[in-house]
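In the two complexes below, chain A is the common chain; its partner is chain B in one and chain C in the other.
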Partner chain A sequence: MFRKVARSYLFRRLIKALVTVFVMASLTFFLIRLMPGGPVEAYIANLVTQYNVSHQSATQQAASLFSLDLDAPVYQQYLEYLGNLVRGDLGESLVSRGVPVSKIVLSYLPWTLFSIGSALIISFSVGVFLGMIMAYKRESKLDHVLTNLGSMVSAIPDYIMGILIVVWIGVQWELVDITAMRGSLSPGIQPGFNLTFIGDALYHASLPILTYVLGTIGVWMLTMRGSTESTLGEDYVTVAKARGLKERRIATAYVGRNAALPPFTQLSISIALVFGGSLLIEWLYVYEGLGYVLYNSIQQRDYPVMQGVFLIITTMVILANLLADLLYSRLDPRIRVGGRD
Partner chain B sequence: MSEPVGATQGAGRNQVLRVRDLEIGYSTDRGLVRAVRGVSFDLEDDDSLAFIGESGSGKTTLGLSLVRLLPQSASIARGEIVFHTASGGELDLTDLDDETLRRFRWRECAMVFQSAQNALNPVMRIRDHFADTARDHAETDGVLKGRALTERATECLQLVQLDPDRVLRAYPHELSGGMRQRVMIALGLLLNPRVLILDEPTTALDVLTQRAIIEVLRELREGHRFAMIFVSHDLSLAAELADRVATTYAGRIVELGDVEQVFYHPRHPYTVGLLDAVPTLAGEHQELSSIPGSPPDLIDLPSGCKFHPRCPYATDKCREEDPPLIEVAPGQTAACWHWEKVGSDWEARGGERHERDANRA
Partner chain C sequence: MASVTGESRYRDSAVGRFLAGFASTLKLMARNKVGFAGFLVVVTIVLVTFVGPIFVPLDETVRVSQIYKTPSLSYPLGTDSEGKGVLSQIIHGGRPILTIGYLAAVISTTIAVTLGSLGAFVGGRVDTGFTWLADMVLTIPQLPLLAVLAGVLSLNNKFAVAGLIGALFWPTLMRATRAQVLSLKERDYVESARALDLGTPHIVFREIAPNMAGYIAINFTLAVTTSMYAVVGLTLLGLVPLSENNWGVMLNLAWTRGAVFSKDSIWYIMAPIAAIALHQFGLVAMNRSLTEVFDPRLRRGA
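Presenting the complex of A and B:
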């Protein structure tokens, strides 16, 4: 019976995720068509101004390129779009002719996932750990210093944090060679499961990761500090002491385990924020991930790529949230039953 | 404070706890809250002692001090708490290093708390609560795990009339309030402690569940050799489960004696007031009376007898001099200058009626 509940919770959660993806895909479709000066006009205008071709020949070029009947009713275009989407066809890039969008997106996606994923894992575990120390040593000097640092870093927007890192660490103090760190890999490094590759990947991702960590760690520290403080006042902690449990066991299984639940729920929100922020951060460090692709495609008005990146980012955020939710239901047994009705 | 009377009767019983002249205060912005003032009592190894009194009379502070779980703002100013361990050693509870204290807790003296609703870790199964407790006391008891642990936990849960198979696998939120309270009692029995402290064990439970818990405790009392300390404002609980009753007022014991003596022949006006405030379910209409006024401010205590502002017997002597515990009958002490008058008034008022009520309760 318990299994059935868990399964139905998972099932309901999956349905919810799918519906969200569908709504997002539809919104992206209509949003792009609602933008003033659609992709075709933009392309034609571009040809006319940049290459001095006549308006008529530019129009012909555009029509053949898009190979989509732009005069067809919107609902027909929409259905075709959805149909293609189900088959995993996101169209072709306008700039790099003939290259499927899905191929572009999939080749850049791992870098974004890698940098954001490791950054969130690092910042969450370090932040939660520091938050707990702050609560255990509350009102101490360490607590005050960390609290102020925490609220300071979380008050600075991540792109400004990125610029500060570039200016100070890269340019003024010259601690790292900021130009050599561009891109996601050094030239000549072959992907593979070896130390050189992993080391190089980390080297190139280190500044984006540092930025994401600094941008999010304050939240974990402060939330964890607060929730640890209130958990310390819980009866089951006092009772655990009365039961003569060892201090370390109480700190981990009783205080830490329960206090980590509130920051963990914030993880879902943060995933979306960090994904959104990655657009500017990747551009700033010239880190070749999805954000970098999106930035370029906006510059070049490469609509299919833009659309594809949007879709994949939202899908990733939804998947990450789904994962976080499922993990949460493992962490907090009360949720599992709550999902029944 | 004088030696408490009524402590050592009967041969072959061993003392487990000796408390002398205990003073505990909370430091607050307004000043020192004197929560426990000069409390002395003894506990034998099969004794059952109930502390009764209004909220804020220092009962819970007293209970917490016996397992050294007082909040940070509280400190033991004076007095001694000596615990005789199962192995025959003596522990001075006011002066223990952290590790000795940790091993002492639950192994020698377990405590079931007032708010058992939240006493279990919400993310852990009941079985893991038993396992945790056993594991961290493995130095003293040897490792109890696997099947041996399950057997012992099953035994404890059966004693409190729970279905072990279902309960051990459950998470706390899957159990009702009464079941959780029983789980806590079972958990308290796991290591065979010498003393079990129960702080308001039935508060916040509905009447039927209270009944069930009292039954469980009564059976435990009959079948096992360990001492119990109840802290409660519930007189019926004390009447059913205690051998001796200590009435507490403003942080000190004002009357102490066998349960029959205190409930049927009270000699302190505060005890009388508490008894008069208990309603009876059946029987003839009876006027209920409450004690006028409210418990004193523990920061700024009245002079003399702390009960005098609320006491119908108060005289000038009461306002000036705090009475010591006076032996009013063999094994019964009361801290009242006018205990004889209180006693004769009570008996004249028809102690029989009260006796019947107490029986019913």
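Presenting the complex of A and C:
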């Protein structure tokens, strides 16, 4: 029984995810705490020289801010740091005094999840749909246009796309009011289940979503085109046709379902890319999500926030990957049965 | 004396052979028009950014009356917020970006190919370990990690930036290389080389490597594009304090000084974007030629 669980796909995938989170948490600890002249030392030195605080009380202040016991041996500090992480204690912000990092993270996280999540769903479904059409109408004019468009948008970095959108759509042609679209909500709008709120949230997220969609859709169009083309040559499709099944049913249940597997494996890479790219995109549009907070905390040298937000972004990416993998094992039964990666 | 002339003659013929090989490669590349155009674009950009600064001085005179001028004969790409010529900034601003981009690509390709082929050859625990490492690095959001590193360490050294980027962008190619080597290992000609006892170095460098060269070359160009993406992104955010003026810094200045929101600044903003985009498109297009150069089967078919 135990061996069966230990060898199962889910279990091994879970272990992998946990190890990755653990390694990243350790890396940030050693970067921030142990780097010679690193943030903790710099903070103490700054207090001593600038505010004439004694070294001892400066160390105490730093210890409480970073939630670390700086007198303890390093391994003990490390264990305590890990223990705090497990309890969700990420320390306190240096800039906004006394505000717990976990609170900051929680208030910005939904916006990033909302914009990235809807962008990925839109871009995956539209991309896969277009890819299928391209394969069905291959060598037609539509196919050539879409193939070229797809490879072009996938060659342009997402933030360059963002700059182009701001410069052309926002400033040169004045189609949208870029400055009014900043932030995650218009002033005075309260979160709630009503049309004004949802409409306003979509309005502010629309440009980031558009940018993420343009940045990822090309890959899915092109992989779906390729995989549909090869699926169309499979025997079971010929058999389905011979059985006289309706074209639409063949396209969805036989071709589409199988052809969508290769682009689906691209999903995990795209999740990491888009989450990472959100740092730049949110900065460009001044969209107040995690990427925006991360940028500000780096600028202000607010290390506890920086560390906390980075860890949360990493954890989110790993969780999303885990979810994508589990979904994939649902879609492709071979993975579950085979039990190998 | 005799040995010296003999040696120089040998070198002549080696140079000659190299030139002949180079010419035939060019001819092969020219067979694909799009690919060759891409190749020419990349070569032009690299030449202009590395050789151009010798001939074109960086325009550093402030001209208050010439702010955000549209292109003219004296300023082929217009002027910036201080009336300096944009073209000279573009010519001078490519070197740091391209250096880091290519250097990082060399680093990540080297790591990927080494770990991938080593894992596939040795197999067992080593292979499992490398694959785990690759999977792990792949799930790290790279840009935030680079940004955090830039915030903690002071990244004002080009080589450090290139090294960090290279250390993060290898997993995709590593997994692909591993799969390639695993399948090549089982091919008949590798089996026969093994049966003939030609030794591992021979098998690796004469039988397997030539079959992967094209694949690696193409992935190298893709690695250049992803590394450029990272460097420009970090400089755009102002997190890599590269002191020289470069394309990323130009974009950063346009953003932080609010030039983006002025309609007149369009030439100043579009110039670095065009330079970066042209280089990226050139590399992607060049791949079409590279596939033909490295795959003899495609050559005859064309």
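Basically, the second predicted complex is superposed on the first by the 291 of 341 C-alpha atoms of A that agree within 3 Å, B and C clash if a C-alpha of one lies under 4 Å from a C-alpha of the other, contacts with A are read in each partner's own complex, and residues count from 1 in each chain.
Following the convention adopted for this analysis, contacts are C-beta pairs under 8 Å (C-beta built on N, C-alpha and C of every residue); 3 or more make two chains touch, one makes a residue touch a chain.
Computed from a predicted model, the values in this text were never measured in an experiment.
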item	value
Partners on chain A (chain B, chain C) - clash or fit	fit
Which of chain B and chain C A:Arg97 touches, first, second, both or neither	neither
Vertex chain A; arms to chain B and chain C (CA centroids, nearest 10 degrees)	80
Which of chain B and chain C A:Arg334 touches, first, second, both or neither	first
Contacts of A:Gly276 with chain B and chain C, given as first, second, both or neither	second
First, second, both or neither for A:Lys141, with chain B first and chain C second	neither
Which of chain B and chain C A:Ser151 touches, first, second, both or neither	second
Touching partner for A:Leu164 - first (chain B), second (chain C), both, neither	second
Touched partner set for A:Val317, first chain B, second chain C, both or neither	second
Touched partner set for A:Ala253, first chain B, second chain C, both or neither	first
Chain A residues touched - chain C or chain B, whichever exceeds	C
Smallest separation of CA atoms, chain C relative to chain B, angstrom	12
Interfacial residue positions of chain C with respect to chain A in the complex	131-132, 135-136, 138-145, 147-153, 172, 225, 229, 232-233, 236-237, 239, 251, 255, 260-263, 266, 269-270, 273, 276-277, 280-281, 284
Interfacial residue positions of chain A with respect to chain B in the complex	234-236, 238-247, 249, 253-254, 257-258, 331-334, 337
Sites on chain A touched by chain C in the complex	16, 19-20, 23-24, 28, 31-32, 35, 38-39, 151-152, 155-157, 159-160, 163-164, 166-167, 171-172, 178-179, 268-269, 272, 275-277, 279-280, 283-284, 291, 294-295, 298, 301, 303, 306-307, 310, 313-314, 317-318, 321, 341
Contacting residues of chain B [partner chain A, same complex]	67, 69, 102-107, 110-111, 113, 115-124, 132-133, 136-137, 171, 173-174, 184, 187
